[in-house]
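Data first, discussion second: the structure below is written as structure tokens.
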Amino acid sequence: MSELVRKNTWTLGLLALFLVLLAFTKTIQTNFGVSGLESLARAALPFAFATAGMAVVVIVGGIDLSVASIMAVCSVIAAVSMPVVGGVAGILIVLTLGTVMGAINGGVIVATKVPDIVVTLAMLFVWEGVALLILETPGGQASDWLQASIQGSIFIPGLPKALLVIAIVVSVVWLPIRRSQLGLSIYATGSHEIAAFRSGVSVGVTRIWAYSICGLFCGFGGLSLVSLTGIGEPVPGPYLLASVAAVVLGGVVLGGGRGGLLGPIIAVFVLRIIRTILTLAGVDPNITTIIEGTVMVSVVMLAAIFTYRGGRA
Amino acid sequence: AADYKIGVSNTVQGNGWREQMICAMRAQALVEPDVSGLIVSHRNTDSAGQLEDLNNLIAAGVDAIVLNPSNPDALNSAIDNAISKGIVVVAVDAGVTAKGAYILSNNQEKYAYLGAKWLFEKLGGSGDVVYMRGIAGVSADTDRDNGFKRALAEFSGINVVHEVFTGWQQDQGKQQIFDFLATGIHFDGVWTSGIDNVIVDAFVESGAPLVPIVGADNAGFVQYLTAVDGLEGAAVTNPGSVGGAGIALAVDILNGNAPTETTVLVDPVLWENTTADGRAVIEAAQNPNLDPEWPVSVTVPGWTDYSMDQIIACKGPSS
Amino acid sequence: MTNVQHSNPILDAASIAKSFGPVRALTDARLRVSAGEIVALLGANGAGKSTFVKILTGALSPDYGRVLIRGKPANVGSPAKARASGLIPVYQEPSLIPDLSVFENLRLSGTSVEPFLEFVTKLGIEDIRLEDEITSLPLATLRILDLGRALASNPQVLLLDELTAALPTDLVENVLKVVREQADAGCGVIYISHRFSEISLLCDRASVLRDGQTVGELVIKPGVEEHVVELMLGAKIDLYQREGLSSALPNSSTPRLSIKSLSAEPKLEDVSFNLYSGEVLGVVALEGQGQDELFEILSGFRRQTSGAIELNGNLVSFAHPADAIAKGLMFVPGDRADALLAERSVHENIALPFSAAGSSWGPLKRRFENERVKHAIEKLQIDTRAQGEVRRLSGGNQQKVTIARWLAKGVETLLLLDPTRGIDVRTKRQIYRLVRELATQGAAVLFYTSELGEIPLACDRTIVIFNGRVVDIIDAKDATEQVLMRAAYGLERQGTEA
Amino acid sequence: MKDTPTVQASVRLGRYLRDNPVIPLIAFLLLLIVALEIMKPGMIMPIRVGRNGIFSTFWIGNLIKFAIPLAMLAACQVLTMLTSGIDLSAGVVATVAAFVCATASPLVGVGPSILIALSAGALVGLVNGIGSGIIRVHPLIMTLGTGLIATGCLQVYQRFVISTGTEIPGFLLWLGTGRTLGMPNGLFLFIPFAIGILGLMRYSGFGRLLFALGSNEHAARLSGVRSWQVLVALYVLSSIIASLAGLLYLGMIRTPSLSLANPLLLPSVAAAVIGGTSIFGGRGSFGGAIVGALILRVIDTLLTLLQMPQGARIMIFGLIILAVTAMYVRITGQR
């Protein structure tokens, strides 16, 4: 048990920070309640999926600059296909194509031996172009039940459906993989590629898998965008830098091999609630930008100061 | 006086037009006696992010929301939620499809149509034009494209030799026109979606003969219309101060003076420098001290009540 | 060249060739191992031994050649396939995944836990916990875990590349014992080492590589060593000649370095000794007796918890390695990966200290540097065929670069932490000669070695550290391996008092 | 298994290209230019009738002109990437410098305003350096954060100078828009700058330390390098370079917008990596980055002139970047 706590100090610290911020929100806006939580969870939805995907590729030792663009492609595919083939088929198409796009990213990286950051930087443009080719202007239509599926709470008021969606998707996708040989290979490849190769891991295949998982999460991210807005938008949203920030904030080490998905997702919630607080407090929007940047930097600074001796830096 | 708290949501930051819109909102809120607070959400984001901001504003307990929507259809869930809580919603600059929301918008379709029609007439109904758009996939750009196409359909002799997206970025627009000048391909006029003064600069710097240019009423361009020798052109008004008008409308509605129609379109006006009358209008409108990216039409007559100094001070009631 | 009978070799590789760009690492290498046989693979630094092992185990693919397993053409196209054919390596660099636990590393390579634990215990590491993360373990432990994992993978042929180079004497003994047992149980073993004592104790046969070519295969028997060296180097060399003269006059002057009751967490308890200019002072200790902490403190990487360091009679303390260097204390770490800029050239690696201080950020002094660097390269006879990137040098030549750096800069006090790790006989001699020469010129050298036989060859005196304290000071001429061994285990010397 | 190795002419050529990776990049640049010429005949030709008469360097002058600020920002990326860092605040810093300079000029005069602009940039760099060099925050997060903070500060600042008007210093205009012998005056800034950076990387102790830190920081410490000093100096230098690029860009575009140079950030990273700089540190070339910047500009031109849907243009842009780097990796055999 204490071992568990020690290994997850950072995640627990983030969770504590989130709860403190939540309590603070309540004090500055006393009627912040169920609907506030629900909208917080909804707002976190696309960020959480982008971050989960980014976390997986960072763990394998790479980075995916094209997450926001893949999400845009997925959102337009969803919005275009759902009126034609229906919601369920639309979801399956989107998730499949998301995974395929991720696999293409990974495949190109492995086949060309071009560094991850360069390939995905190029793919950022490629996928954005694809999104614009599919849908030149915002449009399409998401199934109504999909939009309803993330509205409101379930079981008890204050347990937002959107939160449950994040929890279920991430655990159903990631937990079995994390426990499997593939999960081990992902961490091994990120930690020390040569040693992993010498231990018998097919590092190329492992990478492609990691990028595919990232693509799958981006598929969910795209679906959450259409569920939120009801339409598909071809222009990528601000998910790239936000997801990198959340991944690092969540304790995943850039360079690979360390960290999990829970920390980054909590980090997403921390970043979202900071924005909520700043809005509720009526802070000048320009200062909001300054505060968001400062919080991001100082949380990571604190992490660096505390873990300096642990050799994480 | 009443004690209204108004929320503002905007999704593009760092562009002169939007900055003017925000300042107009602040200034109008300041002069409205019934407004006690203004909460502004102002950042670069997509529709999903704007939904987040709208929900946060609702949670903050505002009485009205004035927003510049990123998309007409995408925000319905939050707007419906706001209206169901009795919050007045006013969309400025572009429309929204949600029922019960008021729209006070510059007529973008007409904006493009006016300017394009002037240009095509100027060219005598035939010639080659360069068409410089905004951001692909953004609704204002789509509306303007519709207006431009409508004008184009009326002039069969006009031919678009080059169509390009500037991304509403000054540097990109300038690079692109330089690139096109370098091809040596002949053209007779330029229609540009608000990235305008740098286009004139490009002609002057490269020594290329000036052709008629249609832009917006940005301070920089309007000044060029009188100052640059040989430049024939027109500025179509697209006041960012429509934001201030949105605040005024919201207050009217809160005070029970709702207009009969939910949609109010502010029609653009065209200022051209080829006639004496036109030049006089431009002379009167321009303001060399203004940030060159700001539209010179800092007020919307009949709607806004603040002074020039107040919008430039850019101070709202709570700041 | 003795011809050896091969009855049914398990592994039979022939005509192996491999080039890295312009560097021809292997031109015509061959090797056969039968069940139950331990074959030494010998060669000078850069001869191609590691490349050979990597090819046999699928980590590199050969340009040319043939590999047979039990007479049939073998597929060793990847580490996984080689593993499946029973070819299990322990590479020279630790190949465990740093961020995973011991258990996860075992799971990754599909190794069963019980035999692993059994082997590791037998090898002398008892306090291992499966949930320990690899990064938290010392190098020697990693080597044992690597071996334990290999042994537990049911090897048919075990390939051990300089496994013992980083091990202290006690662990080496265990390794030799376990490897022998494994061979007796029918496993073939390929054993690479630069230590003849181990070869003659352990191996049945030797195969010698020179410049990428197998130049001889012979049976190990007493007296064969001279012959092996001649084959390896293409020249004769006297293995046991003591270098230079004892030059130190310990009691005649103030010591260069005076260490007083130094202690530091976790291992260093209370160490005091004097180091005089003109002497080479050996340090003997088993694994983890505090010697690492001692060297880290002296080189400015960490601070002591108590105690004092006096330099020429003045109290000093170092907040950063730069402070130590400024005072003339230069450190060569045990793990060369810690000291080298792997992707940079040999020249840059050696010249790095010239630019370190803020005052030397300006233009490089090319002429000055070139001269010094060239001198150091020649002095240490570094093989510069692949000098564009240090990582392409063989391990031994990389090791030499770490020393060459300080030679070029000019040393007053040299702190060497196992500098002959993985170095061939000729180079070892060069290093002994070098430290003697430095001492004669007035430098002071602190010389830790894991190979006890080196003490009488290179040092004037030696201190022995046990449990974080200096337990003995021994004159080099009395320092036989038995004497050192007893002292290292904390046993008192017969007759004399420390 | 393949044949015994023999040294053939093709092998030797391959080796030569590997040692001089800028050459295939330049070849690719020329290829793109030829494609451009085929697409719009007469465009790049120095001799033609038409714009600027018989002898025209109009196109090549433009190409270079717009590549200069990009290459300068790419220098920020190359230098920081050498230490396995990155400077994501460079675009914002350039914008800040430009905006501050243009708006402060009418108030305090040209000289002081340029000083203020450079100091504002250097301040951001100092914070970056302290954060990543001393507190050891990952440079990606650090510079991203300071970029956000600087953007916010710029927005706040902007509200105080709405009515002061703007003034662009005359010599910045001369640098940004003027031409000498058909070539942009920006070269008067850029050529010394490029020589300085190339010299810094290859012939200075500081440059050597950048490579050393990116290759193995522990080893550098062992050799007596105080890495925090190097990193602080590096990030300040990077920000000063970015500020200079911003000032030049101000002279070129002549409209101090609040996002003036921000769109150059991603291309500057692209130019650096196309030019063979590794984000993992220890390897990089500014010469390559300059060629990278030129390649990006030519692709831009190519795509501006291609009449096809915007989506397809963006897509092709990405595919060409991919193709260049893949080819580069194939030829040099390094990643």
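As written, the chains take the letters A, B, C and D, and residue 1 is the first residue of each chain.
We adopt the following convention: contacts are C-beta pairs under 8 Å (C-beta built on N, C-alpha and C of every residue); 3 or more make two chains touch, one makes a residue touch a chain.
In this text the structure is predicted, and so the values were computed from the model without any measurement.
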Please indicate which chain is farthest from subunit D, where distance is taken between mean Cα coordinates of the chains. C
Inter-centroid spacing, subunit C versus subunit B (mean Cα positions, whole Å): 72
Using CA atom averages as chain centres, what separation in Å is found between subunit A and subunit B? 34
Can you check how far apart subunit A and subunit D are, centre to centre, with Cα atoms defining each centre and the answer in Å? 30
Multi-partner residues in subunit D (2 or more other chains touched) are 151, 155, 159, 310-311
What residues in subunit B touch two or more of the other chains? 13, 136
Have a look at which chains touch which and call the overall pattern line, ring, star, complete or other. other
Looking at the whole structure, which two-chain pairs count as touching? A-B, A-C, A-D, B-D, C-D
Considering the complex alone, what residue numbers of subunit A touch subunit C? 3, 181, 184-185, 187-188, 190-192, 194-202, 257-258, 311
Enumerate the contact residues on subunit D facing subunit C in the complex. 1-5, 15, 18, 199, 203-206, 208-209, 211-212, 215-216, 218-226, 229, 233, 282-283
Touching subunit D in the complex, subunit B uses residues 13-16, 19, 23, 136, 162-165, 167, 169-172, 174-176, 178-185, 197-198, 201, 205-208, 220, 288-294, 312, 314
Residue numbers of subunit C touching subunit D in their complex, please. 17, 19, 21-22, 24, 61-66, 299, 301, 320-322, 325-326, 331, 333, 337-344, 348, 351-358, 360-364, 366, 405
Okay, in this complex, where on subunit A does subunit B touch? 29, 31-32, 35-36, 39, 42-43, 46, 132, 135-139, 147, 151, 224-225, 228-231, 233-238, 272, 275-276, 279-280, 282, 284-286, 288-289
